[in-house]
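One structure follows; several queries about it will come next.
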Amino acid sequence: MDSVAAEQGRSLKDHMDDLAFYIFAAISVASAFGVVVSQNIVRTALFLLGTLGGVAGLYFLLDANLIAVIQLIVYAGGTLILIVFGIMLTSKSPWAEFKPPKSQIVLAAFVGLLMFIGITSLTLSGEVNWAARATKTPLATSPKVAEAGEALLTTYLVPFEVDLTAIGAAYLAKTEK
Amino acid sequence: MADVILESQPDINADLSSDQIQQQDLQTEEMLVNMGPQHPATHGVLRVVLRTDGEMVLEAVPHIGYLHRCAEKIGETVAPYQYIPYTDRMDYLAGMNNNLAFAQAVEKLTGLESEITERTKLIRIVFAELNRIASHLVSFGTYGLDLGAFTPFLYAFREREYILDLFESACGARLTYSYITVGGVTDDLPERFVDITREFLDYFEPKVHEYNLLLSHNHIFIKRTANVGVITAQEALDYGLSGPVLRGSGVNFDLRKQPGSGYEEFDFNVPVGQGEKGTVGDCWDRYIVRVSEMLESVKIIRQALDKLDGTEGQETLHKKGKTLKLPADEIYYEIENPRGQLGFFVRGNGSAIPDRVKARGPSFCNLCVTEKVCEDVLLGDVAAIIGSIDVVMGEVDR
Amino acid sequence: MLAVGLSHYLVLSALLFSLGVVCMATKRNAIGILIGVELVLNSANVNLIAFSKFQTGLVDGQVFAVFVILLAAAEAALAIAIFMNFYNNLQTVDVDRGDVLRG
Amino acid sequence: MASITLPWVQRDTEKLSNYREKAIRLLAFIALAHIPIILGAWFLLDPLSTKPADLQDSKVLLVPPLCLGSIGGMLLFAGAAFAIYAYELIGRVLSAPWVAFIIFIGAIFGIVIGVWLHAEILMTVQRDWMPAKETSVIPFVGIEYDHTVQSIYQNNLEGKSVDFPLIGAISIDTPILAYLMFPLQFPLVRDLVAVGGIIGFISLIPGFGIWWERKVAGRIQSRMGPMRAGGWHGWAQSAADGIKLAFKEDYVPPGGDGVLFRLAPYITFIPPICAFIALPFATAWVFRDLDVALIFILAMLGIEVMGVILAGWASNNKWSVYGAMREACQMVSYEIPMGMALLIPVMTAGSLSLTGIAEAQSGGFWTWFVFVNPWCFLAFFLYYVASLASCKRAPFDLPESESELVAGFLTEYSGFRWSMFFFGEYVAMYVVCGLAAILFLGGWMSPFPASSAEWFIAQANIENGMLQTLVKSLLAANPIWFILKATFLFFVQLWIRWTLPRIRIDQVLYACVQVLLPATMVVLLGNTLWILGVSENGLNLGWLIAIDGIINKILAAAGVLTLVGIVGIAAYGYRNNKKLVGWLAVDQLPGK
């Protein structure tokens, strides 16, 4: 009954947002599946780009614009390029394929499936029923970029600095070699 | 895992000392890259095999022979007068100078030299120097092109067009002239040639300063060429380099300043690399020597044109040139081509057809220094160095 | 069409997480494993943002996601550096070869 | 102008004339078939008796789009039939150069005006559809008018005359306007219209950019550039090139990764287009006014690299790999100074939204951020250099440097895929120039302060409403200003490309890490302290404010002088073009 009422109150925009969610989710999951299945490491990286893009789209849907663009600029524009660099520098031939044994694949798939079922059942209907506790519809007020920036420089200043220090440490560790 | 077998599994106990590992940030692979024969920066069909490590070029080996046309062998089957067109096709950017070298070699061999009139000699000098300007213009323009500056190339070709028009008016051809020939020049100068040439020189001289502003003193250009591809004077002499490449290394040697060159009465300087922007003998020095030589050639042409005025009516083509019998003697004669010393060795046997014709090409001799200079340079420098040596593959392969 | 709520995002995140774990388990190329780790981190981020949107409405989730992304970048840089050394020593990035305890 | 003869027309004229008749008949039949649909829809709707309240009914909701769509379809098919029927006549008319020129200019203006009108309508509907206000203000034009779209719509339905802000009073008996505006209330429709406008503009950029680049290069090199295709200064050159490229062989190198090779052009060419999602042309002229537009655009420019790397990698060619690696290290390193230079206007304006940044510069050209303080002035040049590198334009065009790497990552590409890389490159060029125009040169603000429009109207005593609107939009804020500024910066990119030699790869990285990066850091710090000292909420130092004012005036004067100098040199060159080429004119050539 409740859901019907909710359906009726929804505007076209909400339906479009739902459609967009399914599109982005399909892109990211399909690309993630490609990442797992693909044997060619360059293509794996390309599929990762698809996943990152899809997830960035989801962030836009969730009104987390800042995270979406950070995802695009840091992940897709920086980390992924770094990974491709690593691939190019470490593979003698572009088609370097190391195939794991079949038994390992089956085992991994089984473990993965088990994990998925476990997590899903836990979050949806277990003791910790997150979804039930959450609001049915997204909250009207979603944090703006300025709020996020302010939080980063006030409440979370120390973790932010530590985070930056970690990046600096990574840089220093690289140069000492 | 037993089912994974790498083709070239390295031995982990291999003799890779820890020092080596610490020195290198990353083990890189050397790569063999073919630069040419079809490559925009090799000025024709030069093939340079580069052994590279990333952007560094460890070794550059020029391979030649893609444009071989048996030019010397043909010289043994035709009379000298008939061989003149073949010399055009050797250094196709400086056809007049090639004609001149071979014609003078044959004239010296047969003793025809003494019968050449003053006017002929002056016309030859005018055309040789005009062609030097044209050739240096191409060199200047394509050098800019090698370094990514497209515009100077078209400016240079615009100016070269005027020179080619002058040549066309005199002999009808714009690339393979065969104008200077055994016994003189094929035709006397056309009407108003001297005036138009003076007009051209007045127009051209300030342009050189414009080019210096545009390219020679451009900061990026200097950064790309100064201290790059340094050839010391000793190396230049050791490798038998000649022309602007030799003078760029600081050696003041120009055949035109030698006695018997025909240039004794002309007043001109020989530009020499000073190391103005970097080291003596770097790419910039070789480049600026060419640009300055254009101005010196302008000086020579002006003086020659002044002298030409008093020689109206003299014979310009000796009739004996066509029916020459070569004595059973040999001669080696060389002149200063735009690219260096172009020498012809001719041996006759009493008939009209020489026994042996051999050319000493400046591009060929200058090219051999590539391997020495292109050690441990960047990939972009290879184009800069080959461009500054300025080879014409037609003459290298002959 | 089913109205999208928090549970959708949680299921998606679980899917990405499992795929990331499978990727880590099946790839033998070290960089493939790194890519699997990135997938797992992404799934965690989706969770953070979704909770921030649906449950708290506060900025905290976004801030944590920023931290995760920044740390992932640093981690990737470190990991690539390690793989380079690995490659220098063993001429391969096959992790099964990395069973020798010497540099 | 050579008339265009299609090869298949030449080959078999008779057979084709048969097909032609068939095609005309078919198209005419489809066009006629629309008429009953239109009539049926019209009767179904009964427009003269429909009240706005009835429009909530879903049946009525669907009819106007159906009706409009059918009319559009009929016109389209009838037009196609006519075009095939009279193609010779059309060809003859088109082949006259002046007609072609008019069409060319008309297309440009048509698109600009169309997008402008669309933006006006979109903006108005967005603001006024839901709340039925009595008075409303057209944003950035600044006119108040008392008819919201709701009231226009209602009045129009009732057959009353409507007073439009731009056109004046119009009295229409049938509520055509109401139906025209009807679909615009749906966000999806508005988005589709906006997408159409953006894609139209984007597809103009490479076509115009390539033609213009060739003309500029030609003029710089004392030649004409393309002169043949189209008739008037080769305006159709890009179209001709595009058609040629589309028909070329689609070569995929054997031994490479064919899938990635085919995919790479798309990865290079889609992100710059996506950047236009957030790039505003004016206050309302933006597809989505993101609050993180700046970072979004930077991210899009960053993703472009991935396509280039894949292109180089999949080509199975060593030169391509060189190009790809150069591109990767160049882009990754230049993104940092570029991003940091962009932080400076963000900091000065105190806003991350591009619209907000542009509106902070609305008080005349001396308030543009490039002149506002010395640090911003430096930041502009730092950004411009970094943006040249990130667009791989000369002197940073190392990834495709033809004298070193043959063509770099493009070596193995041909035909349509090759042209897609160029499409992406020119769009990216325009994006970075547009970004520079918004962040440093006042975006869509005119060089005059906003109050100057009213002063001018009072001085010139303009009473006509339309003229007033025109003056206000030109003297205050207009997308035309944005397009002009971005195009000027685009021109500077071309100018630099055809003047400077190329930098070597180590110098490129040196320039980034040793010069640009420290410089941007210093400028960022300097700007922070300067703003802190000047702003009223900060230290509010009197002496610094005085210096700030003087430097602002000096920089603005320098900017004006630079512009005057450029225009003066160009005018001098135009007047003395014979002299500059040399007084040895062509007709004086020796031997002629």
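All chains are identified by letter, namely A, B, C and D, in their written order; residue positions are counted from 1 within each chain.
The definition used in the following text is that contacts are C-beta pairs under 8 Å (C-beta built on N, C-alpha and C of every residue); 3 or more make two chains touch, one makes a residue touch a chain.
Since the model is a prediction, treat every value here as computed from it, not as a measurement.
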| item | value |
| --- | --- |
| Chain at maximum distance from subunit C, centres defined as averaged CA atoms | B |
| Chain occupying the middle, per Cα centroid | D |
| Subunit A and subunit C, separation of their C-alpha mean positions in angstrom | 8 |
| Separation of mean Cα positions, subunit D and subunit B [Å, integer] | 49 |
| Mean-CA-position distance for subunit B and subunit A (Å) | 62 |
| Touching two or more other chains - residues of subunit C | 28, 84, 87, 91, 94, 96 |
| Contacts with 2+ other chains: residues of subunit A | 66, 70, 78, 85, 89, 92, 98-100, 177 |
| Interface hub residues of subunit D, defined as touching at least two other chains | 325 |
| Subunit B residues within the subunit D interface of the complex | 31, 33, 39-41, 54-55, 144-151, 154-155, 158, 162, 165-166, 168-170, 190, 192-193, 196-197, 199-200, 203, 207, 214-215, 218, 220-221, 223-224, 378-383 |
| Subunit D to subunit A touching residues, read off their complex | 186-188, 257, 259-260, 263, 267, 290-292, 295-296, 298-300, 302-303, 305-306, 309-310, 313-314, 321, 325, 328, 331-332, 335, 352 |
| Of all residues in subunit A, those that touch subunit C in their complex | 3, 6-7, 10, 14-15, 17-19, 21-22, 25, 28-29, 32-33, 35-36, 41, 44-45, 48, 51-52, 55, 58-59, 62-64, 66-67, 70-71, 74-75, 78-79, 82-83, 85-87, 89-92, 96, 98-100, 104-105, 107-109, 111-113, 115-116, 119-120, 123-124, 130-131, 133-139, 141-143, 147-148, 151-152, 155-156, 159-160, 163-164, 166-167, 169-171, 173-174, 177 |
| Subunit C to subunit A touching residues, read off their complex | 1-12, 14-23, 25-32, 34-36, 38-39, 42, 45-46, 49-55, 57-63, 65-67, 69-78, 80-81, 83-85, 87, 91, 93-94, 96 |
| Subunit D contact footprint on subunit A (complex, rising order) | 12-13, 16, 40, 42-43, 46, 49, 65-66, 68-70, 72-73, 76-78, 80-81, 84-85, 88, 94, 144-146 |
